[in-house]
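Structures follow.
In what follows, chain A forms one complex with chain B and a second complex with chain C.
On to the complex of A and B.
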């Protein structure tokens, strides 16, 4: 069990550090590539939370799909965007960013206090689940169960989200189409 | 095992980094990356709580739904960004201040 904790802290440090780098970097391409690292670390964290199928989906959709899409847009939107970023002054702490930093830090403090007061490790339903043995164990295989649940209890959200995805993709294709004439 | 509060604290930190990016960045693509970070923090919470539901898998299933939603959001947002770039020749949200007719 000790090894799991060490892995968790290493992955958490990687995720937080690369996310901070993404937020602080002046270079857009560098921050996009650093976002890869964040997403991989998050996939590792999902594995540590015993959700291996979600981790694989994360890698396939986020790393394989969304990031490549972001890179495509970046390449298509030309050189001016890159220049605009480079022109910002490279001071360590930009005074314009101060309100945003204050906002983020204060929000984190609020979340921290809420977490302290909610006492999540002692939640009632979690205790009930542990007592009934309704907890995912590291040696069980969950993928079969997920598949059955997806086709029975969660059939309506599944269908709704498939229609939504189709609408969104058609809309995206329509929006990014070049105007023929006019 | 890893306690639930560790996961929640990590996801709160990721959410705040995403919030900072959304507020501070001057580039629509970086704002989009910030939104993705916030979505990922939410998915981490779903997955962490989903460990305590072996029979129904509600946390993991809705984490999957959230990932698909994020994909849809990104596709549409990037198409809009491309259109905006074509019209204004910039993707700085604070410089886009008039309607295209």
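On to the complex of A and C.
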């Protein structure tokens, strides 16, 4: 168990440190690459939580998909735009940043209170599950469970999401089509 | 709290084994790259009616070794306007992404570096990180050729992941598992479930060639071809090598790399070739199972199924596929970008969809 704890703290530190760099760095492209480290550390945390399917999905979707798309937009937008963004004044306290700071602080307060009041280890359903042995083991196979649940209990949300993606695709195709003349 | 239990020592020695396995895989990747470059030069020479390297060592066999020695000694040139961090880190990320993929690949019955029950999905995910490394190299170099090469490469890899993924899914639907070791075991005499050749002839105890996935369900032959073509594109190999099209882009995303950085990019390319071939072998061509069937009293399949034969078979099959990759590279001309996208979206993707549909029907009615 000790190694798991050490791993957890290392991964958490990496995730937090890289996230801080992402937020603080003025070099946007480097921020994006650093975000990759954050996502990877998060995936590691998921693995420690025995959610390996979620971890790998995180890598496929975020690293393989979203990050690459973000980079694409950077490379298409050219250096001048990027330089303009980098030349912004950066004082720690700045009127422009006020909304962001307020949002961040409020969010932190909410999280903190939730964490204090929830008392995760003492929840009833957690205790019942542990007593009944209804827990995930490290060698358990999760993927069949996920598949069966997606196709039974959660079929409607699953299909609704696919429709949402379809709408996004159609929208993108429509926007990128050339204007027809006359 | 830092007290060590006896059990910790057991886990520690376990971790030592993990490190040894990791080092072994790295050594294998490096050795394979050396061999691969030599083979590539000899095969290209044969196809173009030349001799290839002949001077260093017998038949030029030490040529790539001499090349790598030269490369290690060379200066690592970082362009003045390059983003230093990205430039230096990119080749490492490209290589590590490919190298981590090897962790989940099975080499023989019970012999797999890391037994994870979603191994296939893991490999697929890890490979997609390579794209990021390539973009990093292209951007970090601060060179127009590099950026163009990197963008082409990323676009190509992302597009071809789709037909490759669908081809993989159609094999997984037949195998009903993402664990590469389970998929491997199913395709030979060690299988615990009944295998039917083409869906009608029970070959569970005959094994050999007849129980490979491509013969369990014949539409997987198409899926395999789709996967193989897409894997060429994902490894940036000809005829899909427009990311480094030397006639237009100098060398694509690795134009600015010299010395060790270039060596890493090269290592990654050859490791990737082996990795995608091995995945193809595991999914479609019987993994570590023997091609020889049991014929009556002649139990060829039983005799040639164990750990050592397993390593031998999987290596031979993967090397054969790598050989085909090289043969294709020196035979076919490069595709244009529009042809590349047409092939991906209008030919391979619909075909791969059809394979998934057939897989579903096959699984329901014939297995």
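Definition applied: the second predicted complex is superposed on the first by the 152 of 182 C-alpha atoms of A that agree within 3 Å, B and C clash if a C-alpha of one lies under 4 Å from a C-alpha of the other, contacts with A are read in each partner's own complex, and residues count from 1 in each chain.
Assume a contact is a pair of C-beta atoms (placed from the backbone, for glycine too) under 8 Å apart; a residue touches a chain by one contact, two chains touch by 3 or more.
Being a predicted model, the structure only gives us computed values, none of them experimental.
Student: Answer with clash or fit: chain B and chain C placed together on chain A by superposition.
Tutor: By the criteria stated at the top, chain C and chain B fit after superposition, with no clash.
Student: Could you tell me if A:107 is touching chain B, chain C, both of them or neither one (first, second, both, neither)?
Tutor: In the superposition, A:107 touches chain B alone.
Student: For A:53, select first, second, both or neither according to whether it touches chain B, chain C, the two together, or no partner.
Tutor: Once the two structures are laid over each other on A, A:53 reaches both partners.
Student: Quick check on the superposed pair: does A:16 touch chain B, chain C, both, or neither? Answer first, second, both or neither.
Tutor: It touches chain B, and chain C stays clear.
Student: Which of the two partners, first being chain B and second being chain C, lies in contact with A:141: first, second, both, or neither?
Tutor: Second partner only, chain C.
Student: Using the superposition on chain A described above, determine whether A:29 touches chain B (first), chain C (second), both, or neither.
Tutor: Touch partner of A:29: chain C, not chain B.
Student: Have a look and say if chain B or chain C is in touch with more residues of chain A.
Tutor: Comparing touch counts on chain A for chain B and chain C gives B.
Student: With the two structures laid over each other on chain A, which partner does A:117 touch: chain B (first), chain C (second), both, or neither?
Tutor: neither
Student: For A:39, decide between first (touching chain B), second (touching chain C), both and neither.
Tutor: In the superposed model, A:39 contacts chain B only, not chain C.
Student: Scan A:70 for contacts with chain B and chain C and give back first, second, both or neither.
Tutor: A:70: touches chain B, not chain C.
Student: So if I take every C-alpha atom in chain B and every one in chain C after superposing, what is the smallest distance between them in Å?
Tutor: Distance of closest C-alpha approach: 14 Å.
Student: Once the two structures are superposed, pull the chain A residues common to the chain B and chain C interfaces.
Tutor: Residues 53, 57, 65, 72, 74, 142 of chain A touch both chain B and chain C.
Student: Applying the document's contact rule, which stretches of chain B touch chain A when the two form their complex?
Tutor: Contacts found on chain B: 1-10, 12-21, 23-24, 26-27, 29-30, 32-34, 36-37, 40, 43-44, 47-48, 50-57, 59-65, 67-76, 78-83, 85, 89-92.
Student: State the interface residues of chain A toward chain B in the complex, per the touch definition above.
Tutor: Touching chain B from chain A are residues 1, 4-5, 8, 12, 15-16, 19-20, 22-23, 28, 31-32, 35, 38-39, 42, 45-46, 48-51, 53-54, 57-58, 61-62, 65-66, 69-70, 72-74, 76-78, 80-81, 84-85, 88, 96-97, 99-101, 103-105, 107-108, 111-112, 115, 120-121, 123, 125-126, 129-130, 133-136, 140, 142, 145-146, 149-150, 153-154, 157-158, 161, 164-165, 168-169, 171-173, 175-176.
Student: Can you check the complex and tell me which residues of chain C touch chain A?
Tutor: Per the stated touch rule, the residues are 1-2, 8, 11, 83, 85-86, 116-118, 121-122, 124-126, 128-129, 131-132, 135-136, 138-139, 147, 150-151, 154, 158, 161, 178.
Student: Can you list the residues on chain A that touch chain C in the complex?
Tutor: Of all residues in chain A, those touching chain C are 2-3, 27, 29-30, 33, 36, 52-53, 56-57, 59-60, 63-65, 67-68, 71-72, 74-75, 141-143.
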